[in-house]
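Chain lettering (A, B, C and D) follows the sequence in which the chains are written, and residue indices restart at 1 in each chain.
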Amino acid sequence: MQLGMIGLGRMGSDMTRRLMNHGHECVVHDVHPQAVEALQAQGAVGGQSLADLVSRLGKPRAIWLMLPAAVVDDELARLMPLLEPGDIVIDGGNSYYRDDIRRGRMLASSGVHYVDVGTSGGVFGLERGYCLMIGGEKDVIRHLRPIFTALAPGAAAAPATPSRRQDQGTAEQGYLHCGPHGAGHFVKMVHNGIEYGLMAAYAEGLNILRNADIGTRSGDTDAETTPLRHPEYYQYHFELPEIAEVWRRGSVIGSWLLDLTADALQGDPTLEKFQGRVSDSGEGRWTIMAAIEEAVPAPVLSAALYERFSSRGDAEFANKILSAMRSEFGGHAEKPAAKPGA
Amino acid sequence: MQLGMIGLGRMGSDMTRRLMNHGHECVVHDVHPQAVEALQAQGAVGGQSLADLVSRLGKPRAIWLMLPAAVVDDELARLMPLLEPGDIVIDGGNSYYRDDIRRGRMLASSGVHYVDVGTSGGVFGLERGYCLMIGGEKDVIRHLRPIFTALAPGAAAAPATPSRRQDQGTAEQGYLHCGPHGAGHFVKMVHNGIEYGLMAAYAEGLNILRNADIGTRSGDTDAETTPLRHPEYYQYHFELPEIAEVWRRGSVIGSWLLDLTADALQGDPTLEKFQGRVSDSGEGRWTIMAAIEEAVPAPVLSAALYERFSSRGDAEFANKILSAMRSEFGGHAEKPAAKPGA
Amino acid sequence: MQLGMIGLGRMGSDMTRRLMNHGHECVVHDVHPQAVEALQAQGAVGGQSLADLVSRLGKPRAIWLMLPAAVVDDELARLMPLLEPGDIVIDGGNSYYRDDIRRGRMLASSGVHYVDVGTSGGVFGLERGYCLMIGGEKDVIRHLRPIFTALAPGAAAAPATPSRRQDQGTAEQGYLHCGPHGAGHFVKMVHNGIEYGLMAAYAEGLNILRNADIGTRSGDTDAETTPLRHPEYYQYHFELPEIAEVWRRGSVIGSWLLDLTADALQGDPTLEKFQGRVSDSGEGRWTIMAAIEEAVPAPVLSAALYERFSSRGDAEFANKILSAMRSEFGGHAEKPAAKPGA
Amino acid sequence: MQLGMIGLGRMGSDMTRRLMNHGHECVVHDVHPQAVEALQAQGAVGGQSLADLVSRLGKPRAIWLMLPAAVVDDELARLMPLLEPGDIVIDGGNSYYRDDIRRGRMLASSGVHYVDVGTSGGVFGLERGYCLMIGGEKDVIRHLRPIFTALAPGAAAAPATPSRRQDQGTAEQGYLHCGPHGAGHFVKMVHNGIEYGLMAAYAEGLNILRNADIGTRSGDTDAETTPLRHPEYYQYHFELPEIAEVWRRGSVIGSWLLDLTADALQGDPTLEKFQGRVSDSGEGRWTIMAAIEEAVPAPVLSAALYERFSSRGDAEFANKILSAMRSEFGGHAEKPAAKPGA
């Protein structure tokens, strides 16, 4: 079928390509003309402007926005006057689900349908397909099935779940209608919260392995540092790339994130090219806020988020307070920095 | 080659079967004669006693212990007088790596080689193979390669890591010599620590999804309970089995644990048959202790462990103290229990 | 000076009494006539209705609301038509600071001043005085100084901070103008967040002391339970009431909360009369949300909040998922409940 | 009575002075002769060597060691040949309680009594007195009461606990016999674990207050950073020194640590002179290990400890792994450092 795609960054472009590979017709637009041209060269129809894109789509139109969350409302404001009742707008970016609820209501007042799609897959999606978590009206989503089917990985991407009937829904294709407006981004939000937790679990574990040689280092001997009681138990020099590799087969902790970790450690086992300042996107934060509003404990997901904050120096003032307290009650001076690995 | 297997619980029996399937000869012993008989019926040689097992093995003997960690030392004490210099004892159970270091030294004084193998794979190992993390002497481990190759899943069990040379070691087969005595169980210990973290990340996330309907419940209105400010944002009734299923394809959080979770939620989406009292084995605890001795922060892995403690009621006294303090300073009485889902 | 007090629960009544003890004239109102009568008997002027209360106050009127946060907006809606430009409304309850910002703007449009006061002190405030954290316009707050001075504990309540000039502001009296609308409740919010952290620190520590006898208990010996490696190190039967008492003098961890804990443990060292279901009010939750929006790590305050959630059973489904996973990959059955203290 | 004091660092010297102020006779020794001389000038008897110190003490001798934990065993080895049955050695430093158990047994074999004393009070102890947590034999500890009474703050240092009978034990004096060997240091260990939690609670809360102006800063606008949804709610510039001060009177979170924090923030509200690299001593670590061995959840105390580890850069490799994963799956590059406060 035909789809308008607005926003041709890496995600939007790759999704357009995957759709065209599956035989769909894509009309594309982006503020950067060269992004439009690049996809035109691969078979897309170029929309020189929003109005141009809209005019090239048959009715009812289906238009997918793949934009930074911060600009979606502005783009919708420009787009809405061009649309007609029955048209469909899909937000496939990283919007907060509460914005979806508001937008769904707003567009409905003009007779336009709104669909929110949480999209996971990253740079591998073009080839592997995208996992799609979808919110909106049932009929509208059924209408868009050809699009979802093309974007999703398909059932063959993973072995069947033994106890599941294979004809019971689309989840095994890699896309799912999760509920009304916002449901797609809510599920994607929690997905990302989980992602942070998984990543942190591997990162902490590998850090423990990396420091298993601490007994071989000449220790500090001043009063401010606890001596290691049993250096003989920390004499291991582990090859992390090979350990990540061995865990990929047969172990309980095998995962796609582990596959990526094993790859990243190859050739750069100490990850020298990274500084360890870890960004976080909104979803991880919103997941914790949802947990708190629901009164659901989420210590693991929260700890994972806070590690990212701390990695960027955001605990510094708190730490200064700790040092100030220690100085007050114990006369403890701070120790100068000396990296463990130095 | 020939291997003696002592301890024919589920793990020991399945490993014996897998070894025999790969053409190895197994001499087996267990305190329960029927376990021996069951494997004899499938081609194993039965050892009626430790001495009998030892006598049936060619020299140098290789004997694999697959026993609860708590009984390994006793079994070694019985076994050692029967062995000769050059023999090999392998501990494939869940021993603490510090015990391996001690045992390695102890057996070496009799000329016997000790090998520690952390084994992951659970009930699926017979079919999928076992991930083996190995500590000990290089020559001894090379000698045992046919055994490890048979038990491990083999390279085909996962796609090759793109940036890794495929001939650079055994990790891609699913087994790895990690270092000297204790290294195998150290790596397995951290593996389990990570496992706890991964499991908790999924569990917390699914719990947040499950409670996304909190705005539909008639809320408490007393002074002790914070009213939900925006019930309109918590109106979702998510089908968790389908969400776990859709995440299995194309998403960043795909993993074997997710596969299992999707399977578990099928047919029992509220997991009624479980109480939620979660056991923990030593490895998770030892991982945190290692982190602390290394001064490596492990907030995610620790939180995961503590959730298990709390699930068994071990926070109860701490919670009573909180209630007592609140009663003291604010005159707050405890609220009676009323399950959110009730 | 003269003050109207609306809301004569424990806090409102005690604050009225303290104000009258300091020579102020209080006009009081509550939906429960007997609460009004009780204070009339102690010298307050009774307002039979909102209108009656308003009519008995000289202009500009100052009216303090001491109500559950959930009903403040309704009460304001009833009150506003009765007020005139220049009047002052003070919210001394537990409002969310964002509501203060909104209300401050709303009342300003009618020329009425709004002041938010975070009030700490609990059941001891009548005697000890209340710690007041205040947000609003500078002139208005200066006008209310006699009220704040009467309610606050006064400088003598604590030794002077050595490095602080004693004439530099009101903080040493126990009240502080923290900033514009909402600033008072923001500071009170974080105050409560800290309170949760402090309480949890004591509670966890005392729980560790209480279980220092774990080596004396006959342990579980099944495969699902890690045996205690060194029971000889856990043979202590600590008298918690006396330990809390000894910490009150000379130690680094002395505090008012510790004083209360010592008192609570007297006569009920196992706190049998509590179940350990710990409520939480909005401030603790909002503190974490503020931390997340600010990207400030708050692992301790979050953990304290989550312990309260868990104490009320809100982790149950997450725990069931953990048990379900363990059942899937390891065939582990749950262990039946058996309380450690049983 | 007479006491030998070995180790005249700040703690040992101050304790000696306090004992002499209370009329006790102190024989002192230190490896630094000038430390001995300084105390001789204030009335102590100087011991030029261990043997000299021992010879100047009447029998049964009581000798207090106030030494770094790491050197206690060596000092005991030198001291023991000089002692006789009935003599008493007191370790008042920061020993691990397991060492106390071992030493208690070892000294007993020579008829010498061992007493472990956890000592809290820091640089203020000389004036305020020391909180003493004591382990050992009942008779021996009763014999030492005059020493403990002199060192402890005394009952007047805090108001009486309302529900406690004032004649029921020594805890209200500020010292307590907690149990057999090791009990004193066990209680002190947990005391320090709690201390870390309390300190972190204040530090996190003050950090949240400090960043309440985040809405006034010109934000990052790139795709890697979540925009603040509501900058209007984060417009507060809080004066932290005054907030700490106001909390000291009448609030629930008043404490000695808060008193010190208020003092530290005076004159240096941004704590510029500190870097925020926070040391930790053994007790905090051992507390967590005890919690884990007891299966007692301690998320708050653990988080406090991990914040200290992270403040010293020990999470760096874990963070690099997170960045590496993000780079792998999303092509995310790290953002360069730009301090929030810059």
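Throughout what follows, a residue touches a chain if its C-beta (ideal position, glycine included) is under 8 Å from a C-beta of that chain, and two chains touch if they have at least 3 such contacts.
Since the structure is predicted, the reported quantities are computational estimates derived from the model, not experimental observations.
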Mutual neighbours - chains that touch chain A and chain B alike: C, D
Result of counting contacting C-beta pairs for A-C and A-D, higher pair: A-D
Chain separated most widely from chain C, comparing mean CA positions: B
Rounded Å distance, chain C centre to chain D centre (Cα mean): 28
Cα-centroid distance, chain A relative to chain D, in whole angstrom: 43
Between chain A and chain C, centroid-to-centroid distance (C-alpha), Å: 37
Where chain D touches two or more other chains at once, by residue number: 122, 200, 202, 204, 207, 211, 229, 252, 256-257, 263, 280, 285, 293, 295-299, 302-303, 306-307, 310, 312, 314-315, 318, 329, 340
Chain D-facing residues of chain B, complex: 252, 280, 285, 288-289, 292-293, 295-299, 302-303, 305-307, 309-310, 312, 314-315, 318, 329
Parts of chain C lying in touch with chain D, wherever the complex brings them together: 97-98, 101, 120-122, 125, 128-133, 152-155, 157-159, 161-164, 169-176, 178-180, 182-183, 186-187, 190-191, 193-198, 200-202, 204-205, 207-209, 211-212, 214, 228-230, 232-239, 241-243, 245-259, 262-263, 266-267, 287, 290-291, 293-304, 306-307, 340
Parts of chain C lying in touch with chain B, wherever the complex brings them together: 10, 68, 70, 96, 122-124, 199-200, 202-204, 206-207, 210-211, 221, 223-227, 229, 256-257, 260-261, 263-265, 268, 270-271, 274-282, 285, 299, 303, 307-308, 310-332, 334-337, 339-341
